[in-house]
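I have a structure I would like to understand better, so I am pasting it below and will then ask my questions one at a time.
Letters A, B, C and D mark the chains as written, and numbering starts fresh at 1 in each.
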Amino acid sequence: MTELTFTDLEQNICTIANMIEEDKLYFVQMAGPPLFAILLAKRMRTPEVGFLVEEGAIAPSPSFPLPRMMLGAARSHYRSVAWEGMNIVDAHAALGYVDWGILSAVQIDKFGNFNSTFLGKDYDHPDRRFGGPGGANEIASCCWGTIIMTKLEKRKFVERVDFVSSPGYIDGSPGAREKVGLPANTGPYRVVTERALFGFDEKTHMMRLDAIAPWITLDEVLERMDFKPLIAEPLGVMPPPTEEELTIIRAEIDPGGYTLNRGEWLTVTV
Amino acid sequence: MQVLASGTGEYKPPNPDGMRSWVREHKVRAPVDKVMTEQEAVSRFVDDGDYMAYDMNIAARGPVSLFREIIRQKKRDLWIAAKFSWSDTTLLVAGGCVNKVDVGWMETGAIINNALREDRLKFIEWTNGALSYRLLAGALGVPFLPMRYVGGTDVFENSGAKLVEDPYTGQPVVLVPALNPDVGLIHVHECDAFGNARIYGAGVAPREIAMASRKLIISTEQIISNEEIRRSPQRTTIPYYLVDAVVLAPFGGYPGSVPGRYVADAENVLEFAFAQIQGTLDQYLEKYIFSVASHEEMLDKRVGAAKLLRLSQEETVREGYQ
Amino acid sequence: MTELTFTDLEQNICTIANMIEEDKLYFVQMAGPPLFAILLAKRMRTPEVGFLVEEGAIAPSPSFPLPRMMLGAARSHYRSVAWEGMNIVDAHAALGYVDWGILSAVQIDKFGNFNSTFLGKDYDHPDRRFGGPGGANEIASCCWGTIIMTKLEKRKFVERVDFVSSPGYIDGSPGAREKVGLPANTGPYRVVTERALFGFDEKTHMMRLDAIAPWITLDEVLERMDFKPLIAEPLGVMPPPTEEELTIIRAEIDPGGYTLNRGEWLTVTV
Amino acid sequence: MQVLASGTGEYKPPNPDGMRSWVREHKVRAPVDKVMTEQEAVSRFVDDGDYMAYDMNIAARGPVSLFREIIRQKKRDLWIAAKFSWSDTTLLVAGGCVNKVDVGWMETGAIINNALREDRLKFIEWTNGALSYRLLAGALGVPFLPMRYVGGTDVFENSGAKLVEDPYTGQPVVLVPALNPDVGLIHVHECDAFGNARIYGAGVAPREIAMASRKLIISTEQIISNEEIRRSPQRTTIPYYLVDAVVLAPFGGYPGSVPGRYVADAENVLEFAFAQIQGTLDQYLEKYIFSVASHEEMLDKRVGAAKLLRLSQEETVREGYQ
């Protein structure tokens, strides 16, 4: 039994890194935890895995240390196989080449529709304005599946998001995505948080709690949600980060402390 | 081909024939020297009320020296395409230049939130890809393009997208209206005096912006000869006849990076961020924009040769950017 | 008075070369007389004039001698300002950047609609099949005006072409082009032949005989047409090629004899 | 968005979701070695009845060694996109491989005229640009694109184009259906074993074909390392995951040129032309295709080292093609 200290973002990075498969193609939100997740996987298990970023770098091999302003930087796009533009990589996704998108969300509903636009009041006069859909909408629409990371909080897992920036299963009805012009047989695959891991029921498209961290109870998880998800049986256990993973994140991938300096610190005994 | 649903957002109505007439009357098809100061370029080609698009952002290869000149000249009521933007949206709003934003993504903070609260700013929600794709439509000279995303979200409702029945497959498909900005700004690695321009590295939509924009200002790290351009036509991203002005602007992306040339100045980026948090952005603007007459003077007096040399030296990745 | 011998194609090349303006942008059919016309102009009067070819070379400065297989050859695309693809240069035309297209036609009607597809019988079983619309359709649709070269023959200037490969003024009615989706205020500008030069009436869009060669009569011209064009008053005189032009064509631009070995030989006294 | 008129030509119905399913099931997203012989590539990836598109033509950077292998393997009933083609259409028809052609442009002669007369060949009239643009639609993963040409002609009537009322401007605009070929062939200057490919010089629609095609065979003058590709990502035209087969084919464009590498062999082109005129194309096919087992053997026994060296040396224009 050892004590382990990590942030919610580090947990998410490690959880997603362990989902990465070398023979799949990924579309990754640049300049933050989604990028770090695939970089951790590349560093530890799947060195050859390819990923796209919105600004057009195809299958880069980022050069560490990444600069603080990593968005669009030469080190971020280092040794790509091609440098294209946004419409080209988006088209690759539209054509079905991209298996998984990796994204983060501000707020999400039970059908996986998510918000990165604003919280509170209305669109024109929000309580708090966020960055916007960015590239998440096209990624969530056109990749075969999406892995969405966020934090398990009541204001984030809500019955109805304040604004649907990117589509999940819409209203959950059969063919709901197809009816609004989205590619067939696509949709959210996993929702990853520091305390719990979710999937979606194939029929109802309702969010389903698949696993929880070993240091939290089911009730504690559900208390942190505004809606009640389906619950998988048996309910899985979500492993915490390993020492090795955390060391690689902190020493190589994010020595600048982007993940360390933000988020909630968790100390658990494993 | 029935229209099944329409978003309610405001958009610049597509007008391919209007764009054509404008091109015919205003664009110089002869290869002529277009090198001018940033002062002249912005004064001649950015008008109050213009719809403005630009490639990349304040983090990387953005036309930042042109942003500063736009603020210096107190341009007003610009409508911008904030696709894949960063704190550049905040900078332009803080400068009082922008009152309408087509949002893809931007960094937000007090400036944006206050401007929204005080009704000085109107947002229309799109996505990075949708704005780039609308620029592709504008670049192709067509009124709209079909696409496979945006549907099923509040983005659709908030935007100018439409859902129609595809006359070929009978299935629903989203259309978005072409975007032909009044003015486009692109910062490039190299170009000649006529405007034949080279960009190295990935980029959001430089070709699309160059083709779609009515007026086009290129700022460049370096001016090279037409002969050098012609020796390597493969490297040209933008041909001369699309370009109205060429502005020589070494370190034109500052405080952002220009990949392969120099890294971003994180100090300046943090200075900007702290100024926003502390409500002292006016002082930042005064220091870097209003108190200096030009980009060159800013580099000389506010940044200094030592830092510029360091930013160049720290860009250790050169391969591929040539 | 000297005797001058040239082919119909050489006459057309010279006539068009003299229309070229340095501050306009051209879209030119590759690998034949339309290309030679702009090359003659570049060589003699307008060295800086820019032109596009369908396969994506922008403002090339072809290197003489051109190879026999000049289509797409390195010498044909020499010292372009950019190498792009067909959709990009076609888009430049669609955006209104291209003033004039230079094309050749197999058959043309009085409204400037022209045929490069087949002659005789029907589409599926023609008497003689030609190459097809090629890039002429997009050029004739999207450039502000087109200059079309052909030979003055009764079977070529017809009331109704066997197949409309590329649009002229359709049925000549006001707005006819706009009604079928073509860009506004575009259309054929000149029809160039070895014996006569035509324009189009601004109102009726009918083909109008503007000038004839000094060595032919009006009646002889009209006998070579299946329809009667409008006739400009006063009727102009179309100058024959100059010795200098012919020398440059034969010695520099087309030493391989593409134009010399084809077409009708004409000997005239000037 | 009313359909005002529709052409009556046959076209492969656009099916973006069908393309997506195919990509998901068949395309290898891992970077794996795809180098194989032309025999294996054509045998595995060209099927009788396929719709086939290729970039450029028999005059310049066409995938001509693959054409010969297709003829050698007696592939049948291909439907091809003859956009900006040359005598390649004639070659494939003479080889008995093609029974349907979407016409942009092709060189015509006795073979084509006879095949039409004898009902062995069906044409559908498009234009070079319209076929390239349909491939762009296919490349973007959408069912159709609007465009500003084709309208007002018999091409429109003969094709699969439609005239609709643009829901944005209310004006008529032509739509064309996306083209997603079953198989695409592209000859390139250089690529790595995974298929990351570089093309130098102008080209008709290589990116579009690479993206739009279900199966994609790349033939290449030269195989380079993945590291070399990654050192210069700017030069990559086609990324690996689009590619199914890489065929090493130096002089693969023969008898055409590959700009910057070698010029066309006018002698062979004339030999082909005279054979058509004299009705002896069967002998040409026997000599250059059926009597040799491979492209390599053809180069060795039918063309010879001396000529290959000469064709290389005569390509004096190298600048820009690197």
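Here is the rule we use: a contact is a pair of C-beta atoms (placed from the backbone, for glycine too) under 8 Å apart; a residue touches a chain by one contact, two chains touch by 3 or more.
What you see is a predicted model, and the numbers here were worked out from it, not measured in a lab.
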Among all the other chains, which ones are in touch with both subunit C and subunit D? B
Joint neighbours (subunit B and subunit C) are D
Farthest CA centroid from subunit D: chain A
Higher-contact pair (C-beta pairs counted), A-B versus A-D: A-B
Which integer distance in Å separates the CA centroid of subunit A from that of subunit B? 28
Intercentroid distance (Cα basis), subunit D paired with subunit B, Å: 36
Give, as an integer number of Å, the spacing between the C-alpha centres of subunit C and subunit A. 58
Inter-centroid spacing, subunit D versus subunit A (mean Cα positions, whole Å): 40
Can you list the subunit A residues in contact with two or more other chains? 57, 77, 80, 83, 87, 94, 142, 183
Residue numbers in subunit B touching two or more further chains are 16-17, 140-142, 147-148, 171, 173, 200-202, 207, 231, 233-234, 320-321
Chains touching one another, given as label pairs in label order: A-B, A-D, B-C, B-D, C-D
Taking the touch rule as given, give the residues of subunit A at its contact with subunit B in the complex, in rising order. 53-57, 63, 67-69, 71-75, 77-78, 80, 83-87, 90, 94, 113, 117, 123-126, 128-138, 140-142, 163-167, 170, 176-183
Please name which positions on subunit D make contact with subunit B in the complex. 1-3, 13-17, 140-148, 162, 164, 166-169, 171, 173, 175, 177-178, 200-202, 231-235, 319-321
Which positions of subunit A touch subunit D when the two form their complex? 22-25, 48, 50, 57-59, 61, 77, 79-83, 87-88, 91-92, 94-97, 99, 142, 144, 183-185
Subunit C partner, complex, touching residues on subunit B are 16-17, 19-24, 27-31, 139-142, 194, 196, 207, 211, 226, 229-231, 233-234, 236-242
Which bits of subunit B are touching subunit A when the two form their complex? 56-57, 59-61, 82-84, 86, 103-108, 112-113, 116-117, 119, 122-123, 125-130, 132-133, 136, 147-156, 158, 163, 171-174, 200-208, 256-257, 259-260, 263-264, 266, 269, 315, 317, 320-321
